[in-house]
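Just below sit the structures, each encoded as structure tokens.
First chain A sits with chain B, and in the next complex the same chain sits with chain C.
What follows is the complex of A and B.
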């Protein structure tokens, strides 16, 4: 159903020593993440919760030592997982998740790392057999300037326009005639495309279509998600975007997870 | 935090008795390494080394800094080794284990102190700008012999890394991106490689049982260990033996010779892996790369 250039490369259980692990490579930005899940483990007394399992998320950067960015990433992942994992099934234990950034175009860009990190973590949790309420999937959408005529390369089906009704993902972008102010959206952009973007949105939905995480960022053109020009984004555009993100996560995302797990029928 | 599972008495006796007869649980010869597999990433200076179930990633990165005032001609090179729970749940974040300390000191001694990397070649403008290299080692899976794997990974990554070309005109420094000028390899003077021996006491003939490339199970049962760092020319860079069972001088000499022999094989493996990657990267066309070489024909 999806065109193959948009399906991530997933290898399950690459690490034999952990309870569950997954290596995930984003097809477009070539970001590679490796996560391992151990649990339920013995918990440190100070972190012990009487009725719930403690979730620990450690994000390890590819270059240098962990800093503010990694703490931010791990707290975002933590809050998403908190609503997915059935922590009351293993009270007074620890579910430990380590995510290693193996390869990235830009090791400093938070939006480019978040989606692969979330998807990889969810897959490794499934493999580790951690009880979860439902499955989530994340997608990163970048909204480009209306008049951006950047000649970037994209995979088939990666680009769509925000119109009255989005005409599926098959739309090719024809930069020659931008009739009206129609925002162009690129899913899972690479750092070059993100550099041209007006705003970037990381959307995470559960299988049932509940929104789990929105991480939106306004970027001024050409600064690669660094600073903003204070114009924000249009709420109607955002709602359409969220609708499209939901479709991608609930249909395509869940399909990718099912394909990856194969005969290990988890859900 | 969870401890490593303790090995049962029956298992312990089985492994040790077998080793006394020069047999190993995984069927290897006591002096043979597990298969070493290399896989390189899209960018230079990134390698994933697998030794059986042990897996270590190494990544080299470079940035331009101001040199230390007492060493104005030299760039800097740091090796960062931080083990996390990914390798084994018994490793904790921010609390280095003994293995962690041993490992970082051994790599420091083997690679940095043996001047494998010519730091003066990293100088751009004296006392103004130098390259600062950083090797990040990520331990993904621990099944014994992390020291040797980490050393092989660091050396391979250093040999794989390419530094962007920098031109200096007056006060201005221009860094040419990879697409503009062919980046140059680092000037590595030699490839020091660690070989760790594990000792299991004396066998029936009264000779010390020394095993190469021990698995996690063997490491947990060994009575002592020794790391010898040799390069392919047979020059010993360092020997480290901290505690454990006492070893005769004769055994030590034997180990050093064995290490020199093993290193020649590993050196060839690294060179052929690098060659394979270079060919894959340039799709058979290697002529243009020769111009980017900084080393002379020897």
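What follows is the complex of A and C.
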């Protein structure tokens, strides 16, 4: 599975008792998530919806007890999945999703955890046979200052510049020949690269290219605190970035899902 | 879409299905070529497919991952998505093995699968004897102990109904009792002996002689995964490697419920356990996923459990 440096390690149905489960390891940050999906189950009367299934997302932290951060993550996942799952197929039932953070570089960082959580959850939903409208995939992109001279290590194809449309194999060292300040984008960064970043964007797209989730934040370290107005990124940069994110999700992401599920025998 | 050619292509939820377009016969009077206003006239949609007006090429949306199963040569073409989720989704006419939870004034409350809402068997759906009279009359109402295993058929499934309705339509269904145990406790009014629907035997048939003179044997109810259940139900095709391997060592009887429960009976308790272990190990090893359909793994397990 580790043939390409950008293909996540996916293990399907590691939990024998759940309806669908998946373990997902991000190829670059090594964040490992284990999710389990059960459903449709009997729903608690107070959560029962007359025409829809109730979706419950529980995020279990890798360290300590669940708090506001986990609630935030689960609400983000919940709102993303709400538009993917056909809840009207199983009214008055419960679809329960439990995500356990197994390993993470930084257990406190929302953006580092969100993309693996979403991708892992979507794979386990597919395996569990939960009715879904379409398939989504999530990617985390970090925008770096052009002049950030951190000598971080990246995998091949992980870095691209916003100017070149093709993206792909742009190396970070090439930026010095470019006079214009060109933002460098690293996909699925690890915590070290995220620490140097100017802004971080978690984007989720459906297979058809609909935007399902944008979770952007400005990182003070990279920008040196220069933009106090909360606009740590340029809108034109963001649009280019979103375009690239869409390409990654719709082409590479869906390919990864297809390859992972294609190994399984169906009869 | 770089699938290998030997395996059928995996369909993901939301994939367009242009191969279904020719089956959607357009209205006879119009000759419009736009696919948006063609309605599926004769195509039957099986599990995994639903109608959706927004899908690009055809108004049919796959909502599960799997492979497309299309029978177009018959009079009424059908299409469905073949997949084996672990969760059992009841559909009409499925044979199931259920456990009796409690009895109310009009129905049995039974359990199909753990953590799911209970299913019901109304008494009027419970045919008790060979004469085919219904058990709706109070005095002829079946009296089953709580915890009894009933082999039933799914009668009504509707997502908006309170629960799945089952029926016991004829004497091949009913409470599942070991043939031996029935004769010992014949005083009870449980006359609906279940003739096992699937009986596998090695060499000689499992005649009355082998069952009559055996010692007290408690049958076993094994929970299996959905792929394993499908394999056991398809005894002539998918399940043949495993079933014939087991049957060549141990004669046994089994009843397979599509809800992932298998009732196993044999002449001795040891043989029951052996069969159960064979199935269980095969299931836990996920041997159905093997290239050869579990042939090698099945032989290996049978050799280990039942001896050479």
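Note that the second predicted complex is superposed on the first by the 236 of 267 C-alpha atoms of A that agree within 3 Å, B and C clash if a C-alpha of one lies under 4 Å from a C-alpha of the other, contacts with A are read in each partner's own complex, and residues count from 1 in each chain.
Everything below uses one rule, namely that a residue touches a chain if its C-beta (ideal position, glycine included) is under 8 Å from a C-beta of that chain, and two chains touch if they have at least 3 such contacts.
Keep in mind the model is a prediction, meaning the values are calculated, not measured.
Look at A:100: by the touch rule set out above, it reaches chain B but stays clear of chain C. In the superposed model, A:257 makes contact with chain C only, not with chain B.
Ranked by how many residues of chain A each touches, chain B and chain C are led by C. Residue contacts after overlaying the shared chain place A:127 against chain C, while chain B stays out of touching range.
Looking at the shared chain after the overlay, A:15 reaches chain B, while chain C stays out of its contact range. Contact with both chain B and chain C is seen for A:38 once the two complexes are overlaid on the shared chain. Of the two partner chains placed around the shared chain by superposition, chain B is the only one that A:58 touches, whereas chain C remains out of contact.
In the superposition on chain A, contact of A:135 is made with chain C only, not with chain B.
On chain A, the surface touched by chain B in one complex and the surface touched by chain C in the other have residues 16, 18, 38, 41-42 in common.
The part of chain A that touches chain B in the complex is made up of residues 15-18, 30, 32, 34, 36, 38, 41-42, 44, 58, 60, 62-65, 96, 98, 100, 102-103. Every residue of chain A that touches chain C in the complex is listed here, in rising order: 13, 16, 18-20, 38-42, 86, 89-91, 93, 126-135, 206-208, 254-255, 257-258, 261-262, 264-267.
Interface residues of chain C, counted against chain A in their complex, comprise 1-4, 7, 10, 12-15, 50, 61, 63-67, 82-87, 89, 115-117, 159-160, 227, 230-231, 238, 284, 288-289.
Those residues of chain B that touch chain A in the shared complex are 1-2, 41-43, 46, 48, 53, 55, 57, 59, 61, 80, 82, 84-89, 93, 134, 136, 138, 140-143.
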